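Letters A, B, C and D name the chains as they come in the text, with residue numbers starting at 1 for each one.
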Amino acid sequence: MSDQGYFGQYGGSFIPEILYSSQQQLLQHYQEAMADASFIQKVKQEMQQYSGRPTPLTYCANLSAQIGGAQIYLKREDLNHSGAHKMNNVIGQGLLAKRMGKKRVIAETGAGQHGVATALISARLGLECTIYMGAHDIERQYPNVFWMKQLGATVVPVTSGSQTLKDALDEALRDWTDSFEDTHYLIGTSCGCEPFPEMVAGFQSVIGEEVKDQAMAQIGAMPDKIYACVGGGSNACGIFLPFVGTDTELVGIEAGGSGDGVGEHAKRFNTDQARFGISQGFATKFLQDEQGQLAPTHSISAGLDYVGVSPILADLSDRGLVRMSSAKDDEVIAAFKQLMLSEGIIAALESSHAIAGGLKEAASLSVDQNIVINVSGRGDKDIFTIASALQDQPFNDFLQGYLNRQSNNQGAN
Amino acid sequence: MSHLAAFIREQRQVKPILLMTHVIYGYPSIEDSLQMMRTLLTKEVAILEVQFPFSDPVADGPVITHACHQALENKPSLAQCLLDINALAEEFPSSKVLLMSYLNPLLQFGFDKLAKAMAPGVSGVIIPDLPIDQHAMLKPLVAAKIDPVWLMIPAMDTARIKMVSEHAQGLIYCVSRKGVTGKSSDSTTAKQVLSDTLNELKPLTDVPIALGFGIASAEQIQEIIGQVDVAVVGSALINAYIEGGLSAFSDKVDSLLAA
Amino acid sequence: MSDQGYFGQYGGSFIPEILYSSQQQLLQHYQEAMADASFIQKVKQEMQQYSGRPTPLTYCANLSAQIGGAQIYLKREDLNHSGAHKMNNVIGQGLLAKRMGKKRVIAETGAGQHGVATALISARLGLECTIYMGAHDIERQYPNVFWMKQLGATVVPVTSGSQTLKDALDEALRDWTDSFEDTHYLIGTSCGCEPFPEMVAGFQSVIGEEVKDQAMAQIGAMPDKIYACVGGGSNACGIFLPFVGTDTELVGIEAGGSGDGVGEHAKRFNTDQARFGISQGFATKFLQDEQGQLAPTHSISAGLDYVGVSPILADLSDRGLVRMSSAKDDEVIAAFKQLMLSEGIIAALESSHAIAGGLKEAASLSVDQNIVINVSGRGDKDIFTIASALQDQPFNDFLQGYLNRQSNNQGAN
Amino acid sequence: MSHLAAFIREQRQVKPILLMTHVIYGYPSIEDSLQMMRTLLTKEVAILEVQFPFSDPVADGPVITHACHQALENKPSLAQCLLDINALAEEFPSSKVLLMSYLNPLLQFGFDKLAKAMAPGVSGVIIPDLPIDQHAMLKPLVAAKIDPVWLMIPAMDTARIKMVSEHAQGLIYCVSRKGVTGKSSDSTTAKQVLSDTLNELKPLTDVPIALGFGIASAEQIQEIIGQVDVAVVGSALINAYIEGGLSAFSDKVDSLLAA
């Protein structure tokens, strides 16, 4: 798919010389593995027998009627083991790491979803696991950290810089420069140096491949439009790529955040706060200031506030093959609620961006058109964010009661 | 041939090894960082490496990373940085000044513009996240006789050592095998690998060689005399500053120069 | 399957006369629906397209090696929409309620899993939903209550009696005597008056049917033993029934709780604290005192501490077709951890009872034997219980930090 | 024929309607509940319905449910309950005493044993969670001339009304259409349905009929004179006790008897 790791002007490999040989080793093993039918089969099998693929395509009769436009279908990545599409990628890279004879994997994580997925697959495959996570994110997403630790992973709080995802990625790279001999860097999204963007997008493409079959079986036609939220871009690449160049329009939805000011959103498209840049090992559109310093980001969903974006999507957007839009925090909460109340599906806040984007456009489509929205993950992980947004007092009382019981217990011990 | 290379060779006539010291522009403040540079230049350190801070310094360890983030609080501008260090270069002709930064700040500035702004005083540039394969990006600098300082590592494969030797001009910067700035790798095997690599390189080029990462004392400098032309000290100086301010910084420089 | 709603001496219908006609109506519609291929098809379709069935059968190489006995396979009901097997039942009964023209459903819930599942399907099918939940359980399981409310359900705290599951069931029955004309009582387990035990077990039997096909495909033979936890008995009936009378041994694992004293466990078998009784609409083994008062129960998993049990299992046990055993709270936590660390699967504490029981027995089986353990649900819902059991201080700090931010926000408003 | 039926018919010679009042054995304490019974019997209430509490009274509303759970705190035993109320029956021959409970406590006690323990003073038993279809379970009671009091409801289908009439002995207990104890259902349609059902029943049996659920005042009792033989008051008395203790309880009884 890529040309020497390039996607148009994006991608490439811009890493310290120290990482050159391990990157070359990864590249070679990846290409060999992809040419090995038994490896592909093994990945397929683990995706089915461990993660429960295929994930269904769910028709939303109530929601479609409420909107009164296109027929709305959801691709249910929330039903993956771990509760998000992240599992597809970690299965692929986890099995590759084993094939390469690595004993250990490291990963960066923002929301903690990729961290949990990596910790899960590491337990499953018997790999040591170290997760780098911004200290700020750890504070916001501790439940995921709790599970990573329970799963036997070492979670390293990253206290440098903005203490979020990009800094976690920097730190993971630093670890890798020190550990590449026995360690695979299991990156969580379709970013980074060659072959990561292509590799992650490739493992995620199972999403779109399934949608093709399911659309034929359930709709009898390919969808008119497909919507996916875009953080680093892996779930979007996964559902988009098999449709690139077909009549299906592909729409990525970024985190519009709380406003258009610097640090209020995580849009890498449709804003002059982002432009071509090279960092974190690859070239893409980065949110940055005039000095080229990477900019702070915000989103109600920790999983979307990344400063860069997949070089694959940056290129597809330049070439007009993918359209980029965005949804603001409040639109996201509204879409989250509407889906929950009309169909009984609790989507992740990340995914709710895609839902917000899809519902907004569905209204102006005709009833004989069909759209597919990718529900990249489930929303129960977001209970603290939602409860906070809704200022749910009973939840606070419950937490207080829990804490009181805890201190009593500890008193007792 | 390269002014930088010529300068180093000339100095090496009288000194067994030269010292290249590292300062972060804007840390702890722009004023103090300029003060540190002055201190070094006054002491006639051979080469001054000025790092223009970047938000995501992936090749740097905790000390420099933290310092860079603090420096960014002072909103440094690359244009002003180049003006400031050009002025220093003019004021202290007996030392050479190099710019070090990551790719993105330089890319956003633009390499044509950079070539102009570095001239005349800044002799070369070190970009740790720009692999040798991308040498073409620096054409405008080469054209302006500003030397890209390519990094090489022990156990680098022969083909890449060749590539470095082909594109090297004023200085080749050899870093220890693993990890990031501030980590020393003084296992005997590591040393062996290093000298093997240097022995592979030397026949291919007469460009001077600097060795860096983890050098923190005069003793360590002594050890590499004869192997390379330049010893690079980075984090050790910042640590000295953190522990004892400008005076400790100055003392540290003296102790290193005593090597 | 049943004889007039009887399973041996168990089952039957012991309800206030007021409910007679609505029970008869339900019985009739249920029988008609089961004879209607299009209804069966609809249930199958919703199970696939909404809940993601079939759920996989996961082979556990590490765990099997650790135990050194039988080969261990897990049936992954945790991958259902809602995170538990409860979804199978609510899809079936929800569609039946629609077919009966009911506008509203009511349900009892203990852990809250059935409450959430019912609230989800109610949103999906456009049914009003009222959930009865013991005030005591609400306190322990508020996150589930939060989601029920978000899903538009009315959650009624039951403050009578022991304020747990059985009292919630009483209260739901009381509501039904008042509302049966437009309301379906969507019971959550294989208990209650005819046709509930048979109906719930029937909708859940998809679990065992799938295991048959998957065992053939993945093992090449039927499993030697199947393990399931037993609260009310629906997940156990679901995976057991298709195997009754075959060579596969069926083993139910009850909640051994903290000890064998009255109120310290929820065992309805292998204890003289439980005996034949009639209450809550049916005859089964009930934990009760000498006066016939139903006894208090305890389990680390809120979903297992029910005072009665499915009449189907009571009968199968009498007939020696199902073997009943139990696991204590501490064995359950240990099994929960072992599975998590060796395979990267976070099982519900309810399900962890089956895992504890299965692992204990697997050790003494030969490596060419195969066992299937039913993972009835996922464990992320249990984070508060686990964190408390492990006295995880960072989790408490996280909660405290969250609460502090909340009060600041509220100050701000 | 049934003593209970005979007793009711005899009393009805002089009274347009009889009062059946309800007390929970053990609420608020065993002593006080016996005191309440005494009060009622002293006032010559025609029928005393004594509820032996059960942990899960599904047919009862909040008031009685709560009272039952409080009564259970006092660990009542069915054997002692039957001794106590037999004694009362003997002491107050001019009233009849009925036992009311749910199936499980009676089942655990055993119906043969129950038949013996109810005799001679307890004339009948009311079991709200035992449907008429299960009448065979009560054979031992019938054999001992203890009357099962079957419940019927308005709009019950003809076949079941027949079944009730066939098995009824001393009294048929008709409850309002919907809901649990303590809920009145005085919509006119509800009343219409009720009288239709009673009209369907009466030709089939000459067993006396009691009407219950939600009757709380003398007025309500007045309204049903002519329709049934017995008016049942349950929750209303407990409410009176909760509000004003034994004296309020006693006053409430008087006001009801004034009907």
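Quick notes
Assume contacts are C-beta pairs under 8 Å (C-beta built on N, C-alpha and C of every residue); 3 or more make two chains touch, one makes a residue touch a chain.
Just so it is clear, the structure is predicted and the values come from calculations on it, not from any experiment.
Chain centres were defined as the mean of their Cα atoms; on that basis the chain farthest from chain A turns out to be D. Mean C-alpha positions place chain C and chain D at a centre distance of 38 Å. With centres taken as mean Cα positions, chain C sits 32 Å from chain A. Separating the centre of chain B from that of chain D, both taken as means of CA atoms, is a distance of 99 Å.
In chain D, no residue touches two or more other chains. Residues of chain A in contact with at least two other chains: none. The touch graph of these protein chains is an open line. Contact between chains, as defined at the top, is found for A-B, A-C, C-D.
Every residue of chain D that touches chain C in the complex is listed here, in rising order: 54-59, 61-62, 65-66, 69, 72, 76-78, 102-109, 128-134, 151-153, 155-157, 160, 175, 177-180, 183. Considering their complex, residues 12-18, 20-21, 160-161, 166-167, 170, 173-174, 177-178, 277-281, 286, 288, 290-294 of chain A touch chain B.
Remark: chain C residues 48-52, 55-59, 62, 76, 79-81, 83, 119-124, 126, 139, 142-143, 145-147, 150-152, 218, 337, 340-346, 380-381, 383-384, 386-388, 390-392, 394-396, 398-403, 405-406, 409-410, 413 touch chain A in the complex.
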